[in-house]
Structures are given as structure tokens and as C-alpha cells.
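These notes open a run of structures that come right after.
Shared between the two complexes below is subunit A, which has subunit B as its partner in the first and subunit C in the second.
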Partner chain A sequence: MLFQDVVSRWPMILNGVMLTIGLSFVAIGLGIVLATLMSAWRSLAGAWAGYIVDAYVELMRNTPFLVQLFMIFFGLPQIGIRMNGLEASLLAMTLNLAAYATEIIRAGVDSIHKSQVEAGLALALSRRQVFQYVILQPAFARVWPALSSQFVLMMLASSICSFVSVQELSGTAAIIEADTFRSFETYIVVTVVYLLLALTLKLFLNWLGHKIFPQVSGLARLDAKAEAA
Partner chain B sequence: MTTFGWPEAYFILRAASWTLALTAIAFVIGSLIGGVFAIMRLSRIKLLRRFAAGYILVVQSIPVLMVLFMSYYGLSAAGVELPPFLAASASLAVYASAYLAEIWRGSIESVPRQQWEASASLALTTSQQYRYIILPQALRISLPPTVGFLVQLVKNTSIVQVVGFVDLMRAGMLVNNATYQAFQIFTLVAAIYFAICFPLSRLSRHLEKVMNASRSH
Partner chain C sequence: MPAVLIDDVYKRFGELEVLKGVSLSVEPGQVVALIGRSGSGKSTLLRCINGLEAINAGRIEVAGHVVDQDPKKLRELRKDVGIVFQSYNLFPHLTVGQNIMLSPRITQNVPTAQAESLAREVLAQVGLSEKFDSYPDNLSGGQQQRVAIARSLAMRPKVMLFDEVTSALDPELTGEVLLVMEKLAEAGMTMLLVTHEMAFARNVASTTVFMHQGKIWESGTSKEVFANPQTPELRNFVSAGAK
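Let's look at the complex of A and B:
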């Protein structure tokens, strides 16, 4: 096995890594915002808003990411919406992640007891304030671990974006493989890079969770205690 | 130029059976490997526990696409020529095994400890404990998440088109290359995937409700 042909192309690999990270972070950021908006809309608007959000979530969760990506990249131009591979990838990743995140946040929102909401209203908070401070923030803190693993899965799924010729990590792998004919070595190296990326992202999200939800560790401990009891 | 009509739609629909076959094979092989790893993960021997934990962590932290590439391009370059269907089944089975192992480990662990202790005091061996006491209960607990994972597996079969295997996704792409009516074609492809996955999702949720109801009694 000759790894030097592959390893000597490390600047290309690094570029691929940067694009994978960039794609993932933008999609995660936009996905969270979209998911939060949909959760708010579901909670605050009427029943039909709930039906629309549910339909969207079910539709996205029960079709493959690849089909969604191709629908955006190949299908939308037919009705006049044209975008390049990178834009299509970002849109597909955002829409896909938003659906999963909405479902996860819903579980968190459901875990907030009704008495909390009543207490908030009794303190003369507006419905919006109650949603933001009493429901959404504690819900987020509670489901952060589930969200984190969904983010890691999304980062891994971004490898599929190479099918619409985006030169992220797996797209770079295809180029290196074509250049060097060292398929096995190429994919081993790139797989190890993905592994390191995923583990780093996991650690980072863990750290971030403790940072933005200082009460999260306390809450999680409480949950664990309640479960053990 | 051909247009997208009934014959093309029928071609896509027929390819869906390959998606189902691939899912079934990957699930069966993945279950066997995953079951072994689940039990290894809970073994009394530290080395086995570590090894299983490492396997699960690694497979869950790399894209399925890389597993597929490694088994298809990688092994063929190393002189082992795998036909697309085998490479696809093997890599999806590896992917499934790691997730199933983790799901089942959780299910086995959630069987109350007293069940282990009681059966040990009845002088059952470890394999008897698994066979008669633990696994029947763990199986019930594992059913909803296992069916839920099946949805992920069906969706992930869509990437095997990259090694040239004609599944539902590949059929859609082939028809698209001939007709350029991507919007209609991928709507149909998405609808077929949805028709497979949605009932499974609902079944998983239904099972979860049923199990919870019986546990709270």
C-alpha cells in the first residue's frame, strides 16, 4: 500500500475538510433557526399550523436525503428555480436538518409540564415570553444531546453532496482517487479524516452544550435522578 | 427524445423491489453481526467490551458512503472483485450492524437487573439466561427503535446507486438521463420511498405507545 501519493495531496484534503465543516455549520445554524420558527409556529398558531409542520416533518423524515438533494438540484430548474451544486446542497441539508430538529425540539417542548406554562402566565408573562423562556430554552437544554447527534449525522450525510459535484471531503476523495488510482488508500485516509471530524464535532457540541445551557448538566442530573427513582 | 410515461414509471416501480431486497439482506446480515456485537458489548471480558464499543463508535462516526466506497473500489483495487449487489449489501450490513448493536445493547440493559440475579440464582448459565430470560424481554423493548431504524436503512440504500446497482434511486436517475423530466421523476421516486418508510415510521410509533401502555400497568 502506498499512502504517500494520497497523503502528499493534503492541501486538497484540507480544502475538502474546510468545505465539509463550512457546509455543516451553515446548515446546522440555518436548520436550528428554521426548526425553532416551525416549533414556535406550531405552538403559537392554530391547529392547522401544526398539521402543516407535521406534514413537512413526516415528508422529509420518510424520504432519502439524496432524493431531496436531486429534487432541488435537478427537479427545481424545471420549474424555473436554478441553483449550483453548493447552493442546492446547503438548501437540502438545511431543510432536512430542520425537519429532524423540529421533531427533536417537539419532544423537548412536550417534556415541559403544563404547570410551568400556567406559572409563567400567572406571572403576567406574555404568551411569546412564556414560549421563549419557559418552554423553548429548557426544552433546548433538555434535547441538546439528541440534537448534537443529529448534527453529527448531518455532517456525515454531507458526503452525499459530492453527487452534485460539490468538492467537499468525499468529492475530494473522488478526485484524488482518479488522479492516483490508489482507491483503497484514498478511502482509508478520507475515512479516518471523517472519523476525526465526527469525534471532534461530538466533543465540541458537548462543550458548547455546557457553555450555552449551564443548567443543562443540572437538568440532566435531575432527569437521571427522576428516572432512577 | 423519450418522455416520462407509464413504461418509465413501471420501470422505476420495479426497481423499488431491489431497494426492498437490499434492505432485507442488509437487515438480516446486519442483525446477525449486530446481535453478536450487542452481546460482546455487555460481556464480562473487558477486551470484548472494548472491541465492540470501538467498532460501534467507528462505524457510527463515518459516512455510509465511505463504507460503500471502501468495500467496492477499495477491495477491487486490492484484487477482491465484489459485484455491486454484494458490495452494496455488505456495506449496508456493516452500517446496520453498528446501529442495531447499540439499539439492542440499550434494550438488553433496560431489562431489570433482578431478572439477571433471579435467573442466576436458579443456576441458569449465561447463555440460558440470555435465551430464556433476558432476550425475550429485550426483544419487546427493542421492537420500536428497531423498526424506526429500518426507516433509516431503507433511505440509506439510496446511495448504492453510486456503484451502479439499479435500485429505486438509480432507476429514477436512468429515466431522468433519458427524459430530462426530473421534477416528475423524482416526485415519483420520493413518493415510493415515502410509501415504504411512512408506514414503518407509524408502526414504530404505534409499537412505542403499545409497549408504554403495557409497562405502566
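Let's look at the complex of A and C:
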């Protein structure tokens, strides 16, 4: 086996890694914001808002990411909306992630006991303020592990963006493979890099969770107490 | 003008009629205990006073507000009417100080520094000055309930409602909560409390109201009600409580 041909192209691989990380972080950031807004809208605006958000979530969760990406990159230009591969990738990733994250955040919001909402209302907070100050943070804290896995899955799914000629890690791999004809070595290296990326992201998100939600353990204990009671 | 005026109030949950024409008037500074069996409607009545439950008929006025389900009017009312729940309902993701400062800051636009001194003041009032930076989960039930009282007091309410606030507490922790409430009563706070603590009702409340089957069955000064119950239902209830 000749890894040298592949490894010697490390600057290309590094560029691919950077693009994969960049795409993932921007999509995760925008996806969280969008998902939070949709969750708030679903909770606060009437039944119709709920139906619209549900329809969106079901649409995105029950169609392949590749088809969503192609729709944006190849389909939309036909009605006059043009963007390059990178923009289409970012948009597709954000919209896809937002749908999954909305569903996860909904579970978190539903897990907050009605008595917390009542306490907020009794303190003269509006429903929006209750959502923002009372519900949102504990809801996020509860579902942070589930959100974290979804973020890792999205990072891995970004490999599909190579289909619209974005040279992230997988796109780079295809080029190296074509140059060197060393398919096996190329994909061994890429597999290891993806594995390292995913594990690092997971560790980072765990650390971040403990940082932003220092009372996560406290919530877990509260849940345990509630179950015991 | 009474601080709380309840006029012929009816409340149904589906088919179940919980309040069947309740009328009650509470003067400023008065402490009224609501007693009765579970299901007699006393907690529901309390929750109707700050609009947590909507009434089906009748009229409630409290601290100069008419209870109405319009969200804006309800918020104005709730700035003047505090409620403390059986299960404390502190916000677990906020420290004690943040729990207390939250509403003054966002509903009354109190500046942070001022909100903090207000929070420290009400915490001192319930004897928990040193817990400002603790999380609720690290406090005992009695301490959490005292923080919940402080959180309500920080709104500078004109009327305070207490919904079985000691029922979830171990017997050795009820005393510290009752003591705080007794001090509030002495300071002239208008209070309505649903309670199973008969000794507290007798000693601290000026008036005791006995509810039975969704109606005010009997009421009077606490001394009278406990020493000389007129109806067999209240006699049974009082003697069962004395055991």
C-alpha cells in the first residue's frame, strides 16, 4: 500500500477539512437560530403556526438531503434563484438541520412542567417572556445531547455537498483519488479524518454543554426527584 | 374598598362544577384562611383570583383590577397580586438572586443594580441573605419555599395568595415557612391562604372560610369557626383535624 501519494497531498486535505468545519459551524449556528425561532413560533402563535412548522419539519425529515440540495442548486435556478455550490450547500444544510433541531427542541419544550409556565405567568410575564426566560434554557439543557448528535450527523452529511462541486473533505478525496488511482488509501485517510473530526466535535459539544448549562446535572437531579415523588 | 371582592363566582371543569356561587370580601390587611377537604374548590378559588383559571360566571375584583382573561390586563393585575405554590416552582436554571430579579427587571424595567438590592432586601426578609448565588436545587424544601415567597414579595404586591404552601414540606420544615408568613401578616399584608395547618389558620388568620362542595359553607372569625362550628360538616372537619 502506498499512502505517500495521498499523504503528500496534505495541504489539499487540510483545505477540505477547513471547508467541512466551516460549512458545519455556519450551518449549525444558523440552524439553531432558525430552529429556536420556529419552536417559539409554534409555541406562541396559534394552531396554524404549529401546522406550518410541522409541515416543514415533516417535509425536510422525510426527503433525502441529496434531493433537497439538488432542488436548491439545480431546481431553483429555473425559477430565477441562482447560487453557487457553496451557497446552495449552506442553505440546504441549514434548512435540513433546522428541521431536525426543531423537532428535538420541541421535545425539550414539552418536557418543561406546566407549573414552571404558571409560575412565570403569575409573575406577570407574558407568554413570550415565559418562553424566552423560563422555558428555553432548561429545554435546551435537557436536549443538548440529542442536538449534539444531530450536529455531528450534519457534519458527516456535509460530504454530500461534494455533489455540487464543493471541495470539502469528500470532494477533495474524489480529486485525490482521480489523481493517484489510490482509492483504498485515499478513503482510509479520509475515514480516519472524518472519525477524528466527529469525535472532536462531539467532545467540544459536550464541553460547551457543561459550559452553557452549568445546572444540567441539577436538572437531572430534579427529574430524578420528580420521578421518585 | 375591599382588597378582594368575589361575587357569585361559578367555575366548571368540563362537566364538573367546582365553584357554585362563591362570594367573599377581603379587606386590606386582612388574613383569610380557606380550609376544607380536597376537592372542595378552595385551591381553584385562589387560582381564579389571579386569573390562572378563568371563571365561568360572576365577578372578581382584586387590588383595584377586575379579573379578565385579556392578557395585558392579567399582567397588570399579577404585578399587584403574588401567588406562592405548593411545589415552589422556582426556575431551576437561575440562581436564587436571578429568580427574584427576573420579573422586576423584565416586567417593571427595574435597573439591574436596583433589582439586586431589592432582591437582597426580600431575601433578608425571609432570612436567606446568604443564598443569593445558590441554585434552587441546592436548597432544602423550606428554603426553596421561602425564596418563592421572596420572589413574590419583590413585585411589591398588594395581595398575596398562598396555595397549600407547606403541604409538600417535611413537618420539621413547615415551621420556618409559617414563621415568614406570620411576619408578613403582622406587617399588614393582605393574605388569602389555602391551608391544612389548622393551628396556623386559628392563630394567624383573622377570618377562616370553610369550603364544602364548591360553596362557602361557613365562615367567621377564626376563633368562632374553630371553637364553635355551626354546621355538622365543619364540626366533622375540625374534629378530624384535631386528631
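Criterion: the second predicted complex is superposed on the first by the 220 of 229 C-alpha atoms of A that agree within 3 Å, B and C clash if a C-alpha of one lies under 4 Å from a C-alpha of the other, contacts with A are read in each partner's own complex, and residues count from 1 in each chain.
What we mean here is this: a contact is a pair of C-beta atoms (placed from the backbone, for glycine too) under 8 Å apart; a residue touches a chain by one contact, two chains touch by 3 or more.
Note that the structure is predicted; figures quoted are calculated from it, not measured.
Trainee: Where does A:V152 make contact in the superposed view: on subunit B (first), on subunit C (second), on both, or on neither?
Mentor: first
Trainee: Looking at A:A49, would you say it contacts subunit B, subunit C, both, or neither? Reply first, second, both or neither.
Mentor: The answer is neither, since A:A49 touches no partner chain.
Trainee: With the two complexes superposed on chain A, say which partner A:Y133 touches: subunit B (first), subunit C (second), both, or neither.
Mentor: Once the two structures are laid over each other on A, A:Y133 reaches subunit C alone.
Trainee: Tell me which partner A:F213 touches in the superposition: subunit B (first), subunit C (second), both or neither.
Mentor: Touch status of A:F213: second partner only.
Trainee: If you stack the two complexes on chain A, which partner ends up touching A:Q116: first (subunit B), second (subunit C), both, or neither?
Mentor: Second partner only.
Trainee: When both complexes are superposed, which of subunit B and subunit C contacts more residues belonging to subunit A?
Mentor: B
Trainee: According to the stated criteria, A:L76 is in contact with first (subunit B), second (subunit C), both, or neither; which is it?
Mentor: A:L76 sits against subunit B, while subunit C stays out of touch.
Trainee: May I ask you to decide whether A:F65 touches subunit B, subunit C, both, or neither, giving the answer as first, second, both or neither?
Mentor: first
Trainee: State whether A:V190 touches subunit B only (first), subunit C only (second), both chains, or neither.
Mentor: First partner only, subunit B.
Trainee: Identify the partner contact of A:F163: answer first if only subunit B is touched, second if only subunit C is, both if each is, neither if none is.
Mentor: In the superposed model, A:F163 contacts subunit B only, not subunit C.
Trainee: Considering only the defined contacts, which subunit A positions touch subunit B in the complex?
Mentor: Residues 58-59, 61-68, 70-71, 74-79, 152, 156-157, 159-160, 162-163, 170, 173, 177, 181-184, 187-188, 190-191, 194-195, 198-199, 202 of subunit A touch subunit B in their complex.
Trainee: Once bound in the complex, which stretches of subunit B touch subunit A?
Mentor: 58, 61-66, 69-70, 73-78, 151, 155-156, 158-159, 161-162, 169, 172-173, 176, 181-183, 185-187, 189-190, 193-194, 197-198, 201
Trainee: Where on subunit A does subunit C make contact in their complex?
Mentor: Touch list, subunit A to subunit C: 115-116, 118-127, 129, 133-134, 137-138, 141, 213, 215, 218-219, 221-222.
Trainee: Quick one: which bits of subunit C touch subunit A in the complex? Just the residue numbers, please.
Mentor: 50, 52, 71, 74-76, 78-79, 82-83, 85, 87, 89-93, 102-103, 106-107, 135, 137-138, 151-152, 155
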